[in-house]
Every structure is written in C-alpha cells, then in structure tokens.
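Just below sit the structures, each encoded as structure tokens.
Both complexes shown next keep chain A, but they swap its partner, so chain B is in the first and chain C is in the second.
So, the complex of A and B:
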C-alpha cells in the first residue's frame, strides 16, 4: 500500500518539477501557445495520443463504456480513430499549418468571418470545461478506489499539479511531458491484458463463458453490431461517428490540432498525426479488451463494482501485485494529466486568441497576452473544479460528453468540408448552416428524443450542408483574395511569403524576404503514404476478426 | 466585488457537493457490504467461524438497513436502481444460503455463494441485455449503400482533387 502511495507521490512531484523546469524557456505567446513551432514528428505522435487518451477518452470512462456495452467501444480505436487521424493529417492540418494560425476558430474567422468563429469557440470552451471537470472527477474516484485517499483532497492535488505545469510551461511543457507520459502509459498498462487473458483462457475461454455459459448476445463481442443496437448501431457508427464526429474531432478539436501547429514543419505535423494511429489502435488492448473480460473476473472472484466508470480501477487493484500497481497508477495518472493539461492549454489559447485579444484588449504587447494566457489557464481550471460535483451526478459521463460534442461537430464538419473544397461557400451561408445544424441537433435530442449521438451528428451534418449550400447560392460569393490560401485550389507557393511574414510577426522576429523553398524527400521509412496504407490495412484485418 | 465573486463561487461549490452526496452514499454502503462479505471469505479460509459469522451479520444488517431501502425507494424515481431492484430476490436468497452454510460450518460453497451475492449488488453491463443480432433486407441495403456509396464518392472525389492539384503544380 505504502509503496503505491510513494510511487504516486514521487511521480506527481516529478511532473510538478518538470513543469517548472520547462517554464524557463517560455518567453512569448508563440512559445506558450505553440511550443515555438519546434516539435519533431515523434513528439507530435506521442503527444497527440496522450492528449486523446485520458481518464475520459481512455482508461476510465471509455473503458467503462466498454464494460457497459462490450467490444463495440473498440470502434473508436480500430477504424474510425485511425481514419480520422489519417484524413485530418493529410488534408486538414496542412491548411491550418499553411495559414499560420493558433486556433481552429482563427481559420474559420479568415474563411467565414468572426461571428461563426466566436460561436464555435464558445461551444468548445463549454465542452472543454466539462471535459476537465470530468477528468478531475474520474482521477479523484480512481485514486480514492486504488489508494483509499479521500476524493476531494485528491482532486485538489491533481488540479494543483496539472494546473501548475500547464500554467508555467505552456504547450512546450505539455508536449514534452505528454511524450514521456505516452511511454509510461504504454509500458505501464499493457501487462494487464496478458494477465487477464491468461486468467480466462484466452479469447476462446472468454467467448465460452460469455456466449455459451452466460448466454449473452454475440453483439457484446462485436465492433460493428446490427442496426437495432441501443447504444451503437453499426451503420450509424460508420455514418455519424466515423465520417462526422471522429473526423470533426481530429480536424476541429483545438487540443489535437494545436499539437500539430507546434510542429517544426508541415511534414512533421502530417507524419506525427498519421503515425499516432498506431498507439491509437493499440489502445483498444490497453483499456477496451480488458474491460470486456472484466465482468467474468468480477463475478468469479467476487469483486464489487459500483458503476462502469469505476470498473477499471477495481480490476487493477484486485489483480495486480504491489510494485506493478504503482507503475500502473503512474501510467494512468499520465493519461489523465496529459489530457487535462492539453485541454487546459487549448482552452486558455482560445480564450486569449479568440475572445480577449479580439474583443476586449486589442493591440497590447506580446508579454501582456502571455501573462493573460496564464491568468486564463488558472481561471479555467478553477471553473472546472466548481463543476466536478455536477459531473459526479451524471451516470455515464462518456454519454454526456459525446452528446455535447455530436451537437457541435456535425455542423462543424459540414462547414469545414465546404470551406476547403467549395470555393463558393460564403459567410452568410456558413453561419445559417452552422446555427441551423446545431439547432437541429438540439431538436433531435430534446424534442424527438433521439438518444444515439451518432444519428444526431449525422443528421445535423446533413442539415448544415444543405442549408449552407442553399443560402450560399442565394447570396454573393466571397472574393478570390479573401479565400486565397484557405481552399484546396489555392496557390500555396505564392502564399508562402505571406505566411512566413505573418509567423515572423507573431514570433517577435524579423524576416526580410521569402526564404528559398527547398523540398527534402523523406527517407522511405518516413514516407507518409506507406504508413497510411499499412495502418489502414491493419484496420481491415482487425475488422475481419472482430467486426 | 472580487470578494463577492469568491464567496458566491464557494457557496455554489458547497451546494453542489451536498447534491452529489446522495449518489456517493449508495456506492459507499454497497462497498461496505461487499468489504464485510469479503472478510467473511477470509475468515472462513482461516477457519475463524465466529469472526466469519460476525462479519456476515454486519453485511446482512447493511443490506437490510441501508442498501435494500435505498434500492426500493430509489427505483420509484430513478431507473438506475431498476437492475438492483430486479436482483433483490436473488441477493436475499444468496445471503440466506451463506448464513445457513456458516451456521453449519460448511465452508465448501461459501466463497462461490458470497461471490454471487457481491456480483448481485454490483453494476452489471447493460450490453448483457442486448438481443441477438437481426439483419433485415433494409439493414443490408443500408449497410451496402453506405459502403459502396463511400467507395464511389471517395474514388471520384479523390480523382477530382488529384486533377485540380496537378493543374496547379505540374508533375516534375
């Protein structure tokens, strides 16, 4: 028991100290919000995965949903996640990167004007605050169950540690810490799968207990169930989740995108995103498959589990030996802290860049906005802390968060697709489409009683597309100069000079001319196409076995 | 002004904590019952029958005084309690059996019966109640429509993007 407490304590102190150490290199807003655009592809890869996988979207709530509904939850890891990473990495990130922006709403502002980007930022800020509150709640519950320490003091300690290193070190500290945390998560939590499979006699033994002895439907053991499934009908998973929510998440979630914007080159940004699909795929073996095995273990060994979100913690505390448990706790804390820090950093970036700098205090020095960023970070984590008791009452946190996201991402994907691939798309059309799509999502959920968020996201996406196209055709097209560099048919070579100047201005350095464009062909083992093809083939194999 | 904001936030926080306590109580009492039942298993393994009976009586008392009333009251207003309500008979039968086995000092079946009771007060996956897969003609049309539709769309859209790209940047 004490060994676990000591390992956890040492880990938290190290994270705290590392955050303070990295803060020495932070001098301006570019350092703070975009890590001085210096991260190589492998940092981006680790950081993206660690950002994506936390208590909420990984081990505890996501794993909890796997306990609740079975292997269906692996669809997030096994085809739609990699699909979203690859498509976003190849298409969308390049546009953001070339535009030299800090936030996704900045891209929307340049393409469609400030009204839409403000609404979008505001919606995401709400989601971010709920996400941080949910992560803190899950972290507190996890440590309460594992180490027996009280819930609220634990939540305050977690808040203090993650708040300090994010507040002091900005994106640079977050990315470096996330890379280290990515390694700890992988090494620390993978052994559980083998221990569990050994206990139930492998996949064959597991299927034998669940399907034959207990007589449970085979849908508990499939990634794509039939259309009547109450949680995730297969076709709707593909339509609403894969094509809309996941793609929108990967292309529109500020935390995911911001890591790419901190890359040292476009190629690093793209490759980092594509290769992050590999740990994403492996993630299912870390927290989905173990949770499908969990009911068998709980019933056979008489382990009490109060709710699905707590199942993962209960599993490891009852099965793992003391030394390994300590390492495991460090791995899980890594997951939680990395997600909280990335969302925290991203939300403070949005508060400063999309609200404070634009509407409230214009034209101040870079140092002013840098300090304001730290104040924003502190304020956001304080508000999230206030929301923790509300989250405590929500039965399945994953459901709440996914529903909120479905309402925003459906309309967002509609206008983003049109923004890049349809040069005619304009400001009135996109605003009307986004608002109608969002309102339609709320109508579907609140009035029509649609509970499956994949369906909500799909139909709000379709309505957004239709309304945007109709209103756009009825109004004036945007001027060519305004959309240059923001659409697929832009002349990016001509645009390069402007982008370099813009970046130089924000980095606080002077660039007098456009640098000579030198294209380096990457080594064959870093070729984006090979990696993308291999990863997609792996998804097909997994679907063949578990679909 | 700042003072009022801080005080209001503090009061709001305390109110929310209070509201969340009800949920925690149902978790805590079941955990307490499960801990006592687990202690029964340990005592039986050590042939400490008196200790086992004492722990069992505590567990039974927690069930009768706390867990069962929360379930029977809760089910009237909250569907979350339905699964526990449905298993009340099963749990009580299990507790009766364990009581009889302990009194007759028959340790052979105790562990399995206690495990079943603990599993009975635990949260069960909702996926267990999902019916077997059923594929109608419309399911096949819908599924194949999405699959083939995406392939056709991806092919034509990909070709369009490729063509427009090479129109701007000649192959070299």
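So, the complex of A and C:
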C-alpha cells in the first residue's frame, strides 16, 4: 500500500512544483487567460481531451454506466465526441479565434448584445462551480476508498495542488498539466484493457460468456441500440445527442473553447480540435470496454459491487499489483485534476471578462485584471470547496446543474448556428428564442417528465430555431458593421482580402477580379482534411463492427 | 489606462512546457518502476507494467530533449 501512496504523493508534488515553476513566465492577462496564444496543435489535442475526461465524465461515471448498460456508453467516445470535435474544429472555432475574444459569451455579446451573453455566462458559472465541487468530492471519496486515507485532508491536498498551479500559472500551466495528464491516462491506464481481455479469452470469450452462458441481450454489445432502449434509443442518440448536445458542448463549453483560443494560430486551433478525436475514440478502450468486461471478472473473483460508480475502483484495487495500481491512481487523479483546472481557469476568465471588466471596474490597467484573475480563481475554488460537503447530498444542487445544462445546450446550439450561418439573425430574435427554448426544456423535464436528455435538448433546439427565426423576421435586421467578421460569409471574404493583400505586398502586381486562393499549405501529415477523413473512416469501421 | 506588460515569448513558453513535461514524466516513470515489485508479478502483468512505465519514461525523455533543443534555439535568437 505504501508504494501506491508514494507514487500518488510524488505525482501530486510534481504537479504542484511544475505549476509554481511555470508561473514565473506569466506576465499579463493574455499570458494568464490565453497562454500568450502560444499553444501548438498537439498541446490543444491533449488538453481538450483531458478537459473532457474527469471523474464525472470519464472513468467513474461513464465507466459505471458501461458496467450497467454495456457498450452503448461508447457512443460518447466513438460517434458523438469525434463528430462534435471535428464539426466544432472546422466550423465554429475559427470564428471565435478571429474575433480575438477570451470567452464564448464575448462572442455572443458582439453578435447579439449583452443580455443574452450575461444569461449564458451566469448559467455556465453555476454549472462550473458545482462541477468543481463534485469532482473534488469524487476525488476525495476515490482516494479514501482505494488508499484508505481520510476524506477531508485528501480534498484539501487536491484543492491545494490544482488550485495553486491554475491560480499561479493560468491557462499555460493548465494546458501543460493537462498534456501530462493526457499521457499518464493514455499510457498508464491502457494496460487494463489487455489484462482483462487476456483473462476472459478476448472478445470471443467475452461474448461467449455474456451472450451464450448468461443469456444477456445482444443490445449490451451495440453502441446504437433500437428505439425502445430505456437508456439511449439509437435514433435519439444521433439526433439529439450528436447534433445538439455534443455540438453545443464542444462549441459552447468555455473550457473546451478556451484551449483553442490559446492556440498559436487558427490552423493549430482547428487541427488540435480535430485530432483530439483520436484520443477521444481511444478513451472507450480505457474505461468503457474494460467496464463491459468487468461483470465477468467480478463473477470469477466473487466480488460484489453495490453501486455502478464504484465498479472501476473495485476492479483495479482487486486486480492490479502494487506500483501498477499507483500508476492507475495517478491516471485517475489526472482525469479529475485536468477537469477541475480547466473549469477553474475558464470560470475565472468568465468572471473577469464577462462581469468584472464589463460591469464593475472598467478601464483599469492590464495588470489590475491580471491580479483580479488570480483573486477570482482563488474565490471560485474556495466557494467550490465550501460546496463539497453538500454537493452530492443536497438534491437541489445537482438538480440545478443538470437543469441548467439541459436548458442551455439546445437553445445555445440554435442561436449559435443562426449567428454564424444567417446574417439576418438579430438581438431580439435570439433573446426570445434562447429564453423560450430554455423554458421549453424545463417544461419538458419538470412538467412532462421527459427523462431522456437528448430528447429535451433536441426539442428545445427546434423551438429555439423556430422562435428566433419568427421574431427576427418581425424585427429590424442587424447593421452590416455589427456582424462584420462574425458570420460565415464575411469570414470567407476576409480570407480573400488577406490573399489580395499578400499578393500585392509580395509581387507588387495589381490583382483584378477574384484572386486564386493561395493560402499557406501545411505539410501533408498536418493536413486537416486528411485527419478528418481518417477519423471519419475509423468511426465507420467501429459502427460496422459495433453498430 | 497604462500599456499592458510585455507578454512572455510564445516559443519560450512552449519550450519550457516541453522540458517540464519531460521532467515530470521521467520522475514519475522512474518512481513507478522502482516501487513496483516487477519480479513478483504474473508474466502478463509484468509485461504490461514494464511497457506502460517504459512508454511514460521514453515519452518524458523525448519531451525533455525536444524542449531543451527548442529552448536553446529560442534563447539564441
């Protein structure tokens, strides 16, 4: 047991020390909130994936759901995730990046005005604070159950480590740590799959036990089950989850987007997001497929699991030897810490850029906002720490978080699509659409008792689109100057303009008519189209085998 | 309103990040190796443990070297 404790301790000390060391390089708000716009595409890739995987959305909760419901849980990793990453990377991120913004609400403010962006920002701040508290709680419980160390000291140590490196080093430190955590999760926890497959005689042996001997439904082995499936009907997974929830999450979740805004170029931002689909796809082999195998292992060893969320922890503690278990603990802590640091950094950015700088203290020096950012980071982690004792015990808190996510994602996707692809979309239309869509989501969830999250998101998305279009057509269109650079058409023209300027500057020739597009061509192995095509082919192969 | 402080050099930031990542992974890889009873493990566990720890260590070394080279290049400019 001491070996595991030592490895966990060394891991946490390294995180803490590296964060402090890195903080010496942080000098202004751009360094702090956007990592000096320095991140190359591979940083973005690792960081986005690590941000996406936590205790809540990853090993414990998703793994637990896979233990209970089977391979269907892999649809998050094999279809929705890659779909959301690729579409967001190619279509949405460029708009954010070019607009030179720090937060998603800033984009909404430029396109639709301050009312909508304030509501959106406020809703996400509540979600973020609850998320940090829930991750800290789960981290504390996980270490208590596995290493037997007391809950509160563990929570304080985790808070101190993640709080320090995020507070001192900002986004640059968070991205760096998330990349380390990405490597540890990938290389450190992947062996579990091979060990388990070896124990059950491969996929054939596993299917033989589950389907033939135990008589479990074949739906346990499919990622897109039929429409009567109680957990996730296939058509709703495609319609509601892929097109609305996941896209909304990938294009509207500040933590996901902020990593791209810290990229050194638009191309790095796009490529990083697209290539992150690969670790996303592999993620299913870290915690979904092992948990599909887990029931057979538990029955072989006579292990009883009372709650599905505890299944992953039970599996590794009963199976893995000393040392290897320590590395797994570091891997799982990586998942939790990466989520906390990204959400913490994003929420402090939103507090400063969307509230403090806009409403309370305007026109101060850059240094003032840089220090305010650190104070905000400290305050948010302190509030989250206060919520830890009650976050998963008081029903109202988690209900509020779930309701807000359901309320926000569908309507957000509706107004974002119209913002970029319909130049006529305006402030009154978007506000009416967002509020009506959000209210409709709450109505479906609370009054109609709709349980499937994808259905709520899909219908709130449809209502938002309809209301926004109707109200927009009844009111004045936005002025041309207001939407310049924020919509699809003007973005394309801006690109053409750059080419004209470039040609005129370099060969002095006068360019007439529409110029030939000669943009900087990346090396073939960094070509976005090749990566996106390869990833889509992988998804088709996976669908062929497990669909 | 005063001018913002000159920000950090983006290339230097990436070089420092790479070196730091390398150091973290090397120390973690060595610690896990030293604290694992490799000799007492079942053969398949031993193989997986060595491969996984080794991969972390090698990744760390590569990042450290790559980061150091970048650091030297950036400093020379």
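The rule is simple: the second predicted complex is superposed on the first by the 504 of 547 C-alpha atoms of A that agree within 3 Å, B and C clash if a C-alpha of one lies under 4 Å from a C-alpha of the other, contacts with A are read in each partner's own complex, and residues count from 1 in each chain.
Here is the rule we use: a residue touches a chain if its C-beta (ideal position, glycine included) is under 8 Å from a C-beta of that chain, and two chains touch if they have at least 3 such contacts.
These figures come from a predicted structure and were not determined experimentally.
Enquirer: Based on the superposed arrangement around chain A, label chain B with chain C as either clash or fit.
Expert: Aligned on chain A, chain C fits beside chain B.
Enquirer: Specify the angle subtended at the CA centre of chain A by the CA centres of chain B and chain C, expressed in degrees to the nearest 10.
Expert: Roughly 100 degrees separate the directions to chain B and chain C.
Enquirer: Tell me which partner A:217 touches in the superposition: chain B (first), chain C (second), both or neither.
Expert: The answer is first: A:217 touches chain B but not chain C.
Enquirer: According to the stated criteria, A:178 is in contact with first (chain B), second (chain C), both, or neither; which is it?
Expert: neither
Enquirer: Taking the superposition as given, does A:268 touch the first partner, chain B, the second, chain C, both, or neither?
Expert: The answer is neither, since A:268 touches no partner chain.
Enquirer: Please indicate which partner A:354 is in contact with in the superposed arrangement: first for chain B, second for chain C, both, or neither.
Expert: neither
Enquirer: After lining up the shared chain so the two structures overlap, which partner does A:235 touch, if you call chain B first and chain C second: first, second, both or neither?
Expert: first
Enquirer: Considering only touches as defined above, state whether A:300 meets chain B (first), chain C (second), both or neither.
Expert: A:300 contacts chain B only, not chain C.
Enquirer: I want to verify one number: the closest Cα approach of chain B to chain C after the superposition, in Å.
Expert: 20
Enquirer: Where on chain A do the contacts from chain B and from chain C line up?
Expert: On chain A, no residue contacts both chain B in one structure and chain C in the other.
Enquirer: Report the residues of chain B in contact with chain A in the complex, numbered from low to high.
Expert: Listed in rising order, the residues are 9, 12-13, 16-17, 19-20, 23-24, 26-27, 30-31, 34-35, 37-38, 41, 80, 111, 114-119, 121-128, 130-135, 139, 142-143, 146, 150, 161, 164, 168-169.
Enquirer: Under the stated contact criterion, what part of chain A meets chain C in this complex?
Expert: 3, 6-7, 10-11, 14-15, 18, 21-22, 25-31, 35-40, 43, 172, 175-176, 179-180, 183-184, 187-188, 190-191, 194-195, 198, 264, 320-324, 326-327, 330, 363-367
Enquirer: Would you tell me which residues of chain C are touching chain A in their complex?
Expert: These residues of chain C touch chain A: 1-14, 16-17, 20-21, 23-25, 27-28, 31-33, 35-38, 40-41, 44-45, 48-49, 51-53, 55-56, 59.
Enquirer: Which part of chain A faces chain B closely enough to touch in the complex?
Expert: Going by the criterion above, the answer is residues 67-70, 72, 152, 214, 216-220, 222, 225-231, 234-235, 238-239, 243, 295, 298-308, 382, 385-390, 392-393, 395, 421, 488-489, 491, 493.
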